[in-house]
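Note that the chains take the letters A, B, C, D, E and F in the order they are written out, and that residue 1 is the start of every chain.
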Amino acid sequence: MRPSRRQTDQMRDVTIERGVSLKAEGSALISFGATKVLVTASVETSVPGWLRGKGQGWVTAEYGMLPRATGSRNRREATAGKQSGRTQEIQRLIGRSLRAIVDLKALGEAQITLDCDVLEADGGTRTASITGAYVALADAVKWMEARQLTKGPVLRDSVAAVSCGIYRGTPVLDLDYLEDVEAHTDANFVMTGLGKFVEIQGTAEQAPFSRDELDALMGLAEKGIGELSAMQEAALAK
Amino acid sequence: MRPSRRQTDQMRDVTIERGVSLKAEGSALISFGATKVLVTASVETSVPGWLRGKGQGWVTAEYGMLPRATGSRNRREATAGKQSGRTQEIQRLIGRSLRAIVDLKALGEAQITLDCDVLEADGGTRTASITGAYVALADAVKWMEARQLTKGPVLRDSVAAVSCGIYRGTPVLDLDYLEDVEAHTDANFVMTGLGKFVEIQGTAEQAPFSRDELDALMGLAEKGIGELSAMQEAALAK
Amino acid sequence: MRPSRRQTDQMRDVTIERGVSLKAEGSALISFGATKVLVTASVETSVPGWLRGKGQGWVTAEYGMLPRATGSRNRREATAGKQSGRTQEIQRLIGRSLRAIVDLKALGEAQITLDCDVLEADGGTRTASITGAYVALADAVKWMEARQLTKGPVLRDSVAAVSCGIYRGTPVLDLDYLEDVEAHTDANFVMTGLGKFVEIQGTAEQAPFSRDELDALMGLAEKGIGELSAMQEAALAK
Amino acid sequence: MRPSRRQTDQMRDVTIERGVSLKAEGSALISFGATKVLVTASVETSVPGWLRGKGQGWVTAEYGMLPRATGSRNRREATAGKQSGRTQEIQRLIGRSLRAIVDLKALGEAQITLDCDVLEADGGTRTASITGAYVALADAVKWMEARQLTKGPVLRDSVAAVSCGIYRGTPVLDLDYLEDVEAHTDANFVMTGLGKFVEIQGTAEQAPFSRDELDALMGLAEKGIGELSAMQEAALAK
Amino acid sequence: MRPSRRQTDQMRDVTIERGVSLKAEGSALISFGATKVLVTASVETSVPGWLRGKGQGWVTAEYGMLPRATGSRNRREATAGKQSGRTQEIQRLIGRSLRAIVDLKALGEAQITLDCDVLEADGGTRTASITGAYVALADAVKWMEARQLTKGPVLRDSVAAVSCGIYRGTPVLDLDYLEDVEAHTDANFVMTGLGKFVEIQGTAEQAPFSRDELDALMGLAEKGIGELSAMQEAALAK
Amino acid sequence: MRPSRRQTDQMRDVTIERGVSLKAEGSALISFGATKVLVTASVETSVPGWLRGKGQGWVTAEYGMLPRATGSRNRREATAGKQSGRTQEIQRLIGRSLRAIVDLKALGEAQITLDCDVLEADGGTRTASITGAYVALADAVKWMEARQLTKGPVLRDSVAAVSCGIYRGTPVLDLDYLEDVEAHTDANFVMTGLGKFVEIQGTAEQAPFSRDELDALMGLAEKGIGELSAMQEAALAK
């Protein structure tokens, strides 16, 4: 039995609130159970130096966690003077995931930065970040379209993410913190609304896993991401 | 007339929500109009090296701002690799302000860290931080008292803060962003519930100010802080 | 047809030379075609602070690339003042991959650091690093066993890695630089000698991929890693 | 009685020596008792990027302290790799104080940097820095005027600073180190030669202070700054 | 007797292998006994900002050491976040030594960077670096000449380096690690093929040395550098 | 003819003032012509970690330059966030030079730090620093002896330094800034009062130099250092 008494293929309660930032061109407050991430999308009408003059835009992401989002206080990265390897790995993953469904040429010479700041952390902060970032991005794209700043349809698909793992021998969907700590295998899946893969990261925390186990996790992920995609669509339809 | 149509001695709407963090020993979400700050208080049962063995505790603060709390995106300090001079100045001010009403010996060998993270910025982020931090601190002290971790009454008074300034020639209370940009003189006042001063920082942004002008600002501050102290008390009484 | 005229399921020429460092407790010079990585394993009889007194050891990795390992010179990370996000991501991957086949309790309170320094880069530096690091690690473990510094069998299995990708629509094994730049999907597989998965990282560089495509890449990886495991065994048998 | 046997409203001996630097466009060596600060003013005919093309200049300050200016050696900030929060706070204060009496448009597109380096520290280093910096600035402005580099009168007034505090219950003028350590309240005042306020920073070190106490400190400051302004004028008349 | 049983005026075995890097415009793998340094020369058709438009080029060097080039593992400088003082001192020396024999005007507006990475360290890494860097540089210059990128003869002479020291009271040539640790005086000599001095750095490690001792070391250096120059010439003639 | 009209073997005017710091255990203000360096010696009764428990002390140095010691303002190293390679090279040289005449065992477990801060720079700052540092060190040692903190005679000799160079074809003593910029060869000599060498650093700035030229520079250095040693002795005798 899972600590949260969920079924093995049951997501936590997910909520997505749009337009929570007064200033940003797009924003979303997303929660996966007790995990809560505030995402803002900022549009800038310039691109990084290495892209200038190439007639295309860029989408990038930054990730942060408030010091007391966790059970004991973590040192603030601004005080430490650098972002940890974990932070950089996560923000690179978020950026890649969103770029996979964006037509960068249609963006024109503009950059959208997704800031994902974790207010509360209970496992799955990177998957909640990606799922919420898609919603904030979609709103920022609408904002640009309303001002005729784009050069065609920017979004080719939607994108969402979920983690699965093998907890006490059983494959389960959407690990929370208690499960994550104990899971032998942990895998993050990023998929599009049309059901294709954008990113798979499977890691054996203690014991290597078999191809059958991976297949089981993939099946759970397909189910979970199907549900998340529907929730994104519903949120954006409001 | 003020941009917000407020009276010269009128505060913005202030709300204080307690217990907003699932993990922290104390927390508050405070808003001064459109300015919104999330404060958490974290209790650690150890003290900085230079205090060890002296039989007293410590209260400190850190301040941060989400990149898109402002009209245009600011660079994340963790990416820049250091906290700005402004950030350090503000967090030193918050820490000093709280220590002024704390009996550090009564705390025992414990440290309370107040993290003030600005979710939305519309002027007055440091004064909202101090005012909210007192509420989070009070809850953290209650948490310690419930576990008999203190050695006597820790809080000697309450503390709150407000900014005043001379806007288009008139002294006004609680500057918002539009006023702050234009004000000739800007002063931050930190005062206790009993009406004494903890900190005064008055700055001539463009033209030096007279003692009469300072007196007028002080009068406004006393009114505003009286109201804030009452709101803190009400919030803590719930 | 691949730029190197290899078959779709053909690895580049792989060589593994042991004992190339005069000082290190274990070492290997590994080449995957024109990619060349020097790996040293350093044994230290102490562990990081957070592990002290827990009766177990640690295995960690660091990754570097000589400035002119690539076609145009890269800035030296020691000059830049920090390791890039890419470097940190790779060295975290190498460390995790090796720990998956190590019994940390059997190591006792010792740490083995694998330094993977890329002398020439032509694609697949992280997979060559992992494959070579296993050989250097195995020699370092033998060195410890000869001195009775271990508390039982340290290695539970062997580990190797290979990248696969979809190049011009066709799944191919062991991408070189020219293929890597152009591939739509790029996946790194880390597997044990017994054929279980330690890590899977699949990334859609431009277009999302289907489950069938992933299955094809996995099949190629199983073949390639089978060959690499045999070569590791042969090298260690000399 | 004060440790230095001064009257409560008595400044330490103050000396101001002009033209002490061979290279700088303006310079002053100022002492407040045993506190000794070397100030140089450097004129550059360019402005920071954010001011370019706006037809105005800039005045800024940097503050440093020699490692052995104090009773025990302090770590050199260049070795520590960053300026402390205290240093940044002080140099921001010095810069603001000078800009308050400068007509930046009359400066033209030029920048004057005031470097305040503390050779000996015995309390009041920031107030001595501001007071000396005005003299160095005035000489640098004369240097510019002699070369017709200005566009009108640059200095609108003079500026000086002093600290006051409540020492053993009594308000006193110009705290030295022994008094500063023990004072319950410490306030820095920056005022113009015409008697207006540029900056007030009052801090309760241990116990909050009343409005009456603040008024007493303000009275002392007005007296002290009157004396300092006269000394600045005398030094510049030589 | 020397630990290596060499005569007092006997160099270690020296080998120089050219063209070891697949990508660099020039390269050399040089060994002085067990010391082994990989040098690459990278040609860039731009110069540092401060040289732009002056019609001349630049030659610079960077130095690094693999973490396990030494008996116990050294911390990687990229992890430490900065190059040590020793590293900076060495790379400045290498750059100066090469510039002394280069006609920078004949180079045109191009920069050649010599990367000297120590694979194995057994004393004399800086002298081996300089000696090998000359060979890599010569090959890079040939590469430029073949493309008509130079404006005349670039190399005015050759350059090589060796260390000498007083070991157990006797002046000896080409110190290895065991001798270096114990030597009372350690001197590095950089000389041209024509026998002139480019750099002399003599250091009394424990006891000051006399002019006679310095003369003896200089005599040994002249012999050693004569041999090294001949080996460079032979290597370049192949 | 030299720009300063000095004879080729003539030092600039040298002055040494002792006891200029109120706080330091030893101090000296030394000038070589227009070059002016303030040196303080700080005694600490602890040693760096790597020396602890070895029954010996340590002598180290730090070097800094005020931003406007030079003709145009230099960036403050504390603002840049690190010490330049030049600064580190110089402070390592100063430390080594002093340790060469100190009996570290006689110091006991204490550390003396020499801070050399350049107030005005006109060439020869490192040689003035070493020469002044010896005087400050000698006073700090006397301070320790007066408190019976030493375990025997600490100073085995005195030490001083001077630079020589080939200016317009002629070897000259004690280069000032104008000469230094133009000199083809620049050499720094550190010698003891008894006439032995501690350090020689000769550098060909543009053209390699011959052994005869080096001999001529050495002769000048011996004369100059003889004079400096006499001045040190006289200063310490006062």
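By our rule, a residue touches a chain if its C-beta (ideal position, glycine included) is under 8 Å from a C-beta of that chain, and two chains touch if they have at least 3 such contacts.
To keep track of the chains, here are their UniProt names: A, B, C, D, E, F = Ribonuclease PH.
The structure presented is a predicted model; accordingly, all values stated were derived computationally and were not measured.
Listing every chain that touches subunit B and subunit E alike gives an empty result. Path length between subunit D and subunit E in the chain contact graph, taken as the least number of steps between touching chains: 2. It takes 120 degrees of rotation, in steps of 5, to superpose the Cα atoms of subunit A onto those of subunit E. Interface matching across B-D, E-F or A-B places the copy of C-E, with more than half of contact pairs shared by residue number, at A-B. On a Cα centroid basis, the chain most remote from subunit A in this structure is F.
The distance from the centre of subunit D to the centre of subunit F, with each centre set as the mean of the Cα atoms, comes to 33 Å.
Note on chain placement: the centre of subunit C and the centre of subunit D lie 59 Å apart, centres being C-alpha means. A separation of 28 Å divides the Cα centre of subunit A from that of subunit C.
In subunit D, the residues touching two or more other chains are 82. From subunit E, proceeding by way of subunit F and on round the ring, the chains are encountered as E, F, D, B, A, C. Interface residues of subunit D, counted against subunit B in their complex, comprise 82, 85-86, 88-89, 91-92, 96, 100-101, 157, 187, 191-192, 194, 196-204, 206-211, 214, 218. Residues 21-24, 27, 34, 38, 40, 42, 44, 62, 64, 66-73, 76-83, 87, 113, 115, 117, 119-120, 122 of subunit E touch subunit C in their complex.
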